[in-house]
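So, here come the structures, one by one.
What follows is chain A paired twice: with chain B in the first complex and chain C in the second.
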Partner chain A sequence: MAELLSLRETLKKLSEAIGVSGEERQVRQALLELTKDRLEDVVIDTMGNLTARLKGGQANALRVMLSAPMDEIGLMVSGSENFLSVLPVGRLDMRYVAAARVLIGAQKLNGVVLFAPIHKTYGQDELPEPKSILIDTGGKNSAKVGERVAFVGNYAELSADVVRGKAFQSRAACAVLVRLIEMLAQAPLPLDVYVAFTAQARIYGRGATVAANRLKPQIAFLLDGAECDDLPRPEGDTQLPTVRLGGGTVLRAAEEMGIPDQRLLTYVRNIAESQGLPYQIDISEAYGTENANISQTQTGVPSVSLSVPVRYMSSPNGLVSLADLEHTQRLLHAALTALTPKLLEN
Partner chain B sequence: MADKALIQALVEAWGPSGHEYMVRALIESHVRELADELRVDNAGNLICRMGSGGKKIMIAAHMDEIGLVISALDKPGFARFTMTGGLILLSLIGNRVRFADGTIGTIGVEGTALIPTEMPTIQQLFIDFSTNGENGGTVRVGDHAALTREFAVRGDRLIAKSMDDRIGCAVAIEAMRALKGKNLPNELYFVFTTQEEVGIRGARVAANGIAPDYGIALDVTATGDTPKNNRMAVRLGGGAAIKVVDSGHIVPPAIKELMIRRAEAAGVRYQLEVLSGGSTDAAAIQTALSGIPSGVISIPCRYVHTTSETVDINDVQACIDLLVALLEQPFEV
Partner chain C sequence: MDIKAHLKTLSELHAPSGYETAAREAILAAWQPLTDAQETSRMGSLIAYKYGSGAQPRRKIMLCAHMDEIGMIVSHMEGAFLRVGELGGIDSRAIVGKPVLVHTRDGALQGVVGVRAPSMLSSSERRRYPSLEEIHIDLGLSAEEVARRVRVGDIITMDLPLLDLQDRRVAGKAMDDRACVAVVTACLDALQRLKHTWDVLAVASVQEEVGLHGARAEAYRLNPDIAIALDVTFAPQPNVPSPTFELGSGVPLALGANFHPALFEAIKKTAERLEMTLPIEPVPMASGTDAWAIQISRDGIPTALLGIPTRNMHTTVETVDLRDIERGGRLLAEFIAALDDQFLTEIVWDAPERTEKKDG
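Our next item is the complex of A and B:
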């Protein structure tokens, strides 16, 4: 029997698992423990994706893919000295990397990213380049070239609604999908539902392409995280925030590498309006979801992203609102409930 | 000579990337009677088949135009935006944009300078809806817009927004008209594609669906015939440009040579094109499935990605003639 955890417990368990892009084993294992009773045709493919069919699906019904990424940004050991040299995995924000705590490889060696104190930078007070990061392991170590290095971000509950942790961009999405799988298992819909927990999302969404090629969906809903911008602004700056923590599910009207299917975007937006579920429209410039990957497989897959707002998303200290996760789960469930093949007729 | 009324209707239509439905409806009204079969795929591409049997050839022209999308609201009457496709920041200030519902906005820049002298960043630009009240009336975050400007004619020169790539669409439609009723040796798929300006997304998907033997893209290319600009050999009025290479695509020599042979046999003026920045639908078609040899017939165009993209009607006609010459005979690569 799979563990039946609350949303909060699910998120904590998934956030604490380590899964730097390309080495998602721990996260995959945690997800399997949480969902395996509800799934069939489980495949762990060459990319590391976990794909499966939801039990109780209707064979000739609309073939729907639900996906959430598993991986987190981190580092990879590239040279093994007392000060380990490492390379970035995913897009790092160097402002939090200096002095960050890290765990190295499967044996979870402790380390800290090297930084020079401000009075001893000898004039070199600019942030290092991502490719010149060093890790201090306190002396000799057994780290091997190629091992992944994860940033440490302890899970904590800041209030009844807001929690802090690492890898929320992926794991908040995973937590929503885990809960949704449970919901769909208990009250099946007349659909043929496939799920994909994807690997390597933070390195160009490589896993998602392969997962979608395997599952061949007619329609895809992607879960992900979206960066909040509801922070204090300089005086005189009148721009309004677009994505607020606690402001509801983020729907993307445009992404760096393309525009989502307008029929689907409008559909989900209308569902949110009619159900009274909060949503926010965002455009993402700095990064995209796996939408670009999945929508371009086969002869084109209509797809749309539903993202959970995350503050400080690119750092190991992300904040999410559990209400946002609940609302996202309910919105996607409502969208699936009302879904018919008619939506895809032009 | 090429149909100027058709070109005007195409360039003045509204269709930023991902929102090509108005352009698609317009094109559909022109090609419905010309195609043997017509469908719209999952990516929004309009696919028109002419003829059956023989080599399958996909001819692609993209419907979308560069545009922008509201990224955040600012003080009442103003909004921030980001681009969908390669807008040229230098040319934006004072330009007008139009939304799907007809709402107009003007692009302005932060600060107190009456005459801005420095290159802005996109973060410094905003859209002014010229309303006193709410944020641009009904405009919301995520709404897409396109630049707006009327079509103009100066002798043989046509000036408008969105020549990139509605002029390619016009070439395709004119070729379909010329081929209608002929006994075609090839199975032709004229595809009016989506989302070229944001990463060549439509053409790739269409190629996966059609699985053609060969691909031909119709798109604009830059020129090297303006003052202090001699890095590129293509010039306006020099004829159809047969692409040799661009930054995303090396045309297989056999395709390029077939185009040259057909141009010479049909007496069509042509020039060879080497483009150092930019690419076309053909780059995606060429790498779709297990590889589809693809070439490009380019329409020379000045001021690409501005609201005054300029082409020469004689070049447009040469492109039509070359395309027809290629398609009405066996595709002997």
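Our next item is the complex of A and C:
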């Protein structure tokens, strides 16, 4: 029996693991170690997804898929001379890249992103193109073309509730799912539950497509992160924030690549209200979850996303509220507890 | 001595301009066993004296490296978030998303340099770096908690450890100018095994990054016969025009109006005697270092400047080569050991030679 970690410990372990899109091995192994005692039919599929059936599921009950993404944005080495040139993996926010610290390849070689001194570049305020990023490892020809480069976060507990670290968009969702698996294992529900820790979420969610194709759920609940906008605004910007840190689970009424199933969205929202669990509705279409991927598999799968609010989501030092993680875990558990096939009949 | 461990201590401590206590304590701990007397000046600079073996009154050489680092200061609170002003030339482009410490009356709070979410930016804002006015510090605390714990004027420092790179190179914050403090330490260490007749006045100066203030006061007070300032200089990387100096290729000696040409020649000769590569850094006008303030103190002080090649200056990954630090320490120590009674007669321009004797 693997040691049961607290939510905080689980999140730290997962945040610090490296899993740049397309090479999620380290995160996958960490997740497997945390959950394997509760799972059966464990498969690491052709995309690198980790999928399994929850032990104690009822064979003829509603077939439910719970998913969380594993991967994080990063870089890939494209050339190696005095410095390494790189290409982006996922959607980089270039504001976070200057003078960043990175780990290169499986050997975890230290590197730093070059940034020319202010003495020589004062006033050059335009963000550079990702292809201009150069990495210094101190040595020459120190990495191979094709090796993944991960940004280094600085995990820390800022308060009893708020923690700082990297890759929370994926790993906060993973941590919630790990804890939920434990909860469901201890008190099984009359459902047939499948879990998927998905690969390549940050590059078009293609892992989730294959995971859903294979698992063939009747209904899917997706966990993810959502960008907070409860931040200082310049004078004249009178918009009110839609996603607050500590404001509860984010339910998306609209996404870039599709509209979530309205029956499921309303259902989860009603559950949150009846249980007194905090939630927030996000209508920004600036980014999407794997909802679009999963909902469009087979002949269509009703699916909905429950997201954890993350401040500075594309930064190596994002912030999450542990209360948000706990509330999301409880909300999804409550939604599963009350779930019947009737929901899908109208 | 373990120069890397020493540099790690110096890099990771938190001491921005005007708030150098932590640096002073760490440097005192390193210099105390290597010197005869130590004092903190009125400005807060640390001076350590290693007395020479010559008869009184002895000549004095001042070595000066600044111990302050760039940082930020809380200018006002905006709800749960801190807005900041600069302490020295902090680069708002290079700190976004990086960890910080906010130093409050009840101790340090961990936080991060935050910016607005992409969805909150206009299309033109999405194409440029945020300015210092646009960033904020996020402590992950409520507005009430922030108001209770943080005060306007609290200082903020970057909070990142020393990073080992390949080939004896290291990256970290505050290499500017603690790498040069480490050069002075290496010099004092080497002097334990060398005889020298002059007094050595090792100065870890304050407030260089905000106007060379510490060095200005110490040059006046100590009134040395000659002075060597040490500061970081530029290593090659894109967007940095030449002249640059590759890491590990030696400690450049500056040449220009800010430096006495005879002192320059004397140091160059020492390097030649040691068969040590000594790159020359042309600095036609202002050096922007403590040497600028020291040179015009009192009757004028013959001044030189040694540099440590550094990449990514004024970021949290200032990168230096440990070999340069060791080599710089050795060069200084050998130069000091060779100073004799006659040395000052060489530090002249042209006829008529200066004959007046300086006050001791």
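Details
Criterion: the second predicted complex is superposed on the first by the 339 of 346 C-alpha atoms of A that agree within 3 Å, B and C clash if a C-alpha of one lies under 4 Å from a C-alpha of the other, contacts with A are read in each partner's own complex, and residues count from 1 in each chain.
Going forward, contacts are C-beta pairs under 8 Å (C-beta built on N, C-alpha and C of every residue); 3 or more make two chains touch, one makes a residue touch a chain.
All figures in this text were calculated on a predicted structure; none of them were measured in a lab.
Once the two complexes are overlaid through chain A, chain B and chain C fit side by side, free of any clash as defined at the top of the document.
Of the two partners, chain B and chain C, it is C that touches more residues of chain A. Judged by the touch definition given at the top, the superposed model places A:204 against neither chain B nor chain C.
Of the two partner chains placed by superposition, only chain C is touched by A:110; chain B is not. By the touch criterion stated above, A:127 is placed in contact with chain C alone, chain B being left untouched.
When both complexes are overlaid on chain A, the residue A:267 reaches neither chain B nor chain C. Figure legend note: chain B and chain C, brought together by superposition on chain A, show a least Cα distance of 7 Å. Residues 229, 239 of chain A are contacted both by chain B in one complex and by chain C in the other. On the chain A side of its complex with chain B, the touching residues are 229, 238-242, 251-254, 257-262, 280-283, 285, 292, 295-296, 298-302, 344, 346. In the complex of the two chains, the chain A residues touching chain C come out as 83, 93, 95-96, 98-101, 109-121, 124-127, 132, 134, 136-139, 142, 154, 156, 158-159, 161-164, 227-229, 231-234, 237, 239, 245, 284, 286, 311-317, 319. Here chain C touches chain A in the complex through residues 78-79, 81, 83, 89, 91, 93-99, 109-112, 114-120, 126-131, 134, 136, 138-141, 145, 159-160, 163-169, 171, 234, 237-241, 288, 311-317, 319, going by the rule given at the top.
Of all the residues in chain B, the ones that touch chain A in their complex are 17-19, 21, 40-43, 45, 69-75, 78, 80, 82, 84, 140-144, 195, 198-199, 201, 204-206, 208-209.
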